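Below are structures written as structure tokens.
There are two complexes below, and they share subunit A, which is joined by subunit B in the first and by subunit C in the second.
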Partner chain A sequence: MSNTLLKVENLTKIFKVGMSKVIAVDDVSFGIDKNDSVSIVGESGSGKTTLANLILGVETLTSGSIKFENNELDFKNKELRKKIQFVQQNPLSSLNPKKTIYQTLELPLKIHQICPKKEIRDRVIKLLQYVDLNENYLERHPYSLSGGQRQRISIARALACEPEIIIFDEPTSALDVLIQLKILNLLAEIKEKLNLTYIFITHDLAVVRNISNKTIVMNKGKIVEMNNTKKVFESPESEYTKELIRSIPTITDAEEKSKP
Partner chain B sequence: MTLLSIRNLEVQFKHYEGVTKALKKISLDIKEGEKVALVGESGSGKSVTARMILGLLSNSNIKKNGEIFFENIDLLKESSSQIKQIRGNEISMIFQDPVSSLNPYFTVKKQMLQALENHTKDYDKNTIEKYFVNLLKDVKIEDPERVLNSYAFQLSGGMAQRVMISMALINNPKLILADEPTTALDVTVQKNVLSIMKDVISQKKMSMLLISHNLGVVREFADKIYVIYQGRILEEGSTEKIFNSPGHIYTQTLLQAIPKINSSKLPSLDSENLDYLSQPKFTH
Partner chain C sequence: MMKIFKSRGWYKFSKNPLSVIGLLIVSIIVLMSIFANYLTPFPEHAGPFVDIPNKIKPPSSTYFFGTDKIGRDTFSRIIFGYRTSLYLGVIVLCIAVPIGTSLGLIAGYFGGKIDAIIMRITDIFLSIPPLVLALSIMAFLKPTLTNAMIAVSMMWWPWYTRLIYNLTRSLKNEGFVISSKIVGASHFHIIFREILPNCSASLITKITLDMGFVILIGSSLSFLGLGVQPPTPDLGTMVSQGSKYLPDIWWLSVFPGLAILVIVLGFNLLGDGLKDLFDVEI
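Now for the complex of A and B:
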């Protein structure tokens, strides 16, 4: 297909631990189209975070290939690298505590030379506006922000390089439900506005159902199910997916009935 | 029979910026054999409540008022040595992260022995191992002998949390406090641990106070629910009433805000940014 943005083929990652080997990602293939919102779900140890790290170039792959717009992803290539950005789970540990919000947000602009030096300040303010914050936050430090505000800063930082794809690793699992809803709504809004593609790595299946059009279920490094989200939830094929969905604690009887 | 009764409990923390009121006159009752849940967001005061019951918060910067009756003893007025006799013996606790609450230096067996010996020196050394094995069997651990001689790092998260539950059972407590006991676990493991906990509690006729932010977990587990927000209880009632006809606007908003697995759109709220504290407590 012509609009495939990211193509992963036969991707394998093996970690050597002492004398033994751990196959963290085992022969994984999938494609992501432009404007997709894809969720990769699975329990801890299923390899979903390793998969994200491989796409980001934080880990080097053992075999297989990752292609972005038909180009092999080479992480020494800054131009390609800035197209894929990352938002981590815990905003307090992923933001530098000694830097002000302005310093945090200007850094990617400088590294990737997104705009002329004179325009950096305006650009940073614009980034803050994307995430419903304003210039009053420029000189503040992460410790003086709430969890939701910190996560907004992480999102703004990911937007700085004008990426095509943003990978979110458990973006709301450190947040309360009311804040979670606000952040998820904000993400949907930004996606629409900037024409982005999202990859969510999460174990919260109810959130997955609400935010993504495609779902990939992983178990022990392998993809066990991959389909559009509605189908995965309404008629899951693999036993593992069924088990996962059955285990979700729900709050209404209607949800309980919809389980496979 | 009421086992634990908290009456108008107020807790204030003094610090360099002034005073933080963590709990503002909360009242809560747990009957014998009842599973009660305290639900709230971070910072609402739910963990402070559990720590007050166990007497784990006491220094000169903490001001407390009110009463916590446990079988007609006011825990707030007891001396610390008397509290020590109750803590771990009649009331025990399960924490969130099982791997970090187990001591990495000692085997499970050694730690179970310590929990026992803190309260009684008078036990039969020959049968004690059998007793521990049985406790581990109660929480559905399949190879209890191996687990007994394992260190924390040799156990998976779900396994370690089950060990913590069996350790909490050692002295046959009347009340177990569980602070987010399944938050660190995967959903399938969480389901398993919840049902094990539920079985053990009812089998041994104990009471439990479950502290959680996850309303789905609470719905599966508790008989009765207290909803706490910024140090105040905003709603109390049976689990069925809270979920089927929530009375307080805060509870209603919370229930709306949770993404549902049978809906493909994010939930929308009827109203946002409300002053939840302006509405009085709702009791079913």
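Now for the complex of A and C:
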């Protein structure tokens, strides 16, 4: 357990809705090692997005702790802040429509002083190259880009902070299948190159099987299963996981029979 | 310049002829009041000018809109009156818009107690009819143009607070705002670089629509004798002074009245055009 990068212990988040309380994340504990690629799956409302928001500091936790390299996560600390970055589900709203791609990408570089001012432009071009785009995109606005291109820009923005962990919230669900495949291949390539750790929040089990080595299954705010992806698919322990796997759409009878 | 007329935005805007008419009216009035000294037949009539032999002349080719009871050309005075009105409108909005916008941004973005305090004060201002509020402020102040501007600004900022507050509340949950937070952007950056630019379309539209209303309120104050004082030419004052001589010397109040109608209409048509162009709700 020496190389545990992110450690989540007894994490609980309670939302107050009027007079009643909703427990979105209920006593969740897990660890993520460096270079892991972890999928957090579950149906809508299972608390997976809230969990991501807690790790990202978008929501404040009710109780429990999140540790990064054995340090309590404190989002006022800029050094820690940049270590965990985020790529959102909806590429339409994730980029400011009033900013050019250059303005979007230079922001993290300026905030964290990642490179000297003179080199910002070169650095932005380098980031675009990471995601298979080029300098022709610098002065364009998000509305002139396709969904896949916007998602690439989002990925480039996350990479700009030189993070250790990138959290993806349904990174491909708004894209068509071919683009999905391209983005997933790109992500695998970048992970290899930059030695990153990925957390995928998704309900697309086909994606899970392809990209992650560990899978966490959540239901009603609790972790119901946590194991190697292969094991989760081949011999799921909980009823809920079995049900999830059974619900994957298949094409052939052979595939249907292979389900647990 | 020609590029504008070939752009997609212009095409969309010009599809509605009323918007184009609004733009024309506003441009003509603005140009005329800027160059009033050269464009009016009698620029000296704007001040305390007396020409008794030519008093109370009905509209003619020399005096398009007739002359008043001390012989001043109504047409020239209307153009100079436009200058006063536009000056009032611009100054009032230059005060009200930044105040209202920043309060709206702060309340909407930070929420909580700050939100409650700012928005309740705003609600109090909004619950009083604008003219009544301006009148009661004017009751404490001397009736001058500057004080009229202060009074109108005081009642105008809450509308911007409301508008920007609502926009901020919805924009702050947009993906790009959350992303810039995660990237580590400061509150200042998020408010002024991420949220405010995305309010600009609504702001520009509302400012245009409001120019007409501010001018109307300013003229109402002058009409009641609480705004611009003679001899400074002002449309409201002219209507009020001329109304004593109705219906015989009708041109003294009818033409300034029509002038107010035209400028308010112009700004409204232009504002509506922009509203359709930007596709915003005000």
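We adopt the following convention: the second predicted complex is superposed on the first by the 257 of 260 C-alpha atoms of A that agree within 3 Å, B and C clash if a C-alpha of one lies under 4 Å from a C-alpha of the other, contacts with A are read in each partner's own complex, and residues count from 1 in each chain.
Keep this in mind: a residue touches a chain if its C-beta (ideal position, glycine included) is under 8 Å from a C-beta of that chain, and two chains touch if they have at least 3 such contacts.
All values derive from a computational prediction rather than experimental measurement.
Engineer: In the overlaid three-chain picture, which partner chain does A:Asn96 touch, first (subunit B) or second (subunit C), both, or neither?
Structural biologist: Second partner only, subunit C.
Engineer: Given the touch rule stated above, what does A:Ala254 touch, subunit B (first), subunit C (second), both, or neither?
Structural biologist: first
Engineer: Could you let me know whether more residues of subunit A are touched by subunit B or by subunit C?
Structural biologist: Higher number of touched subunit A residues: B.
Engineer: First (subunit B), second (subunit C), both or neither: which does A:Glu192 touch?
Structural biologist: neither
Engineer: Which holds for A:Asp122: it touches subunit B only (first), subunit C only (second), both, or neither?
Structural biologist: neither
Engineer: Between subunit B (first) and subunit C (second), which does A:Phe86 come into contact with in this model arrangement: first, second, both, or neither?
Structural biologist: It touches subunit C, and subunit B stays clear.
Engineer: If you stack the two complexes on chain A, which partner ends up touching A:Asp176: first (subunit B), second (subunit C), both, or neither?
Structural biologist: First partner only.
Engineer: Taking the superposition on A as described, I'd like to know which of subunit B and subunit C A:Asp74 touches: first, second, both or neither.
Structural biologist: neither
Engineer: After superposition on the shared chain, which partner residues are touched by A:Arg157: those of subunit B (first), subunit C (second), both, or neither?
Structural biologist: second
Engineer: Of the residues on subunit A, which ones does subunit B touch that subunit C also touches?
Structural biologist: No residue of subunit A touches both subunit B and subunit C.
Engineer: Over in the complex, which subunit B residues touch subunit A? Could you list them?
Structural biologist: Residues in contact with subunit A: 41-42, 157, 186-191, 194, 213-217, 219-220, 243, 253-255, 257-267, 269.
Engineer: With touch defined as at the start, can you tell me which subunit A residues reach subunit B in the complex?
Structural biologist: 43-44, 147, 176-178, 180-181, 184-185, 188, 203-207, 209-211, 229-230, 233, 243-252, 254-255, 258-259
Engineer: Across the complex, what residues on subunit C touch subunit A?
Structural biologist: Subunit C residues touching subunit A: 174-176, 178-186, 189, 193-194, 197-198, 200.
Engineer: If you look only at subunit A, which of its residues touch subunit C in the complex?
Structural biologist: Residues in contact with subunit C: 56-58, 78, 81-82, 84-86, 88, 90, 92-99, 107-108, 111-112, 154, 157, 160-161.
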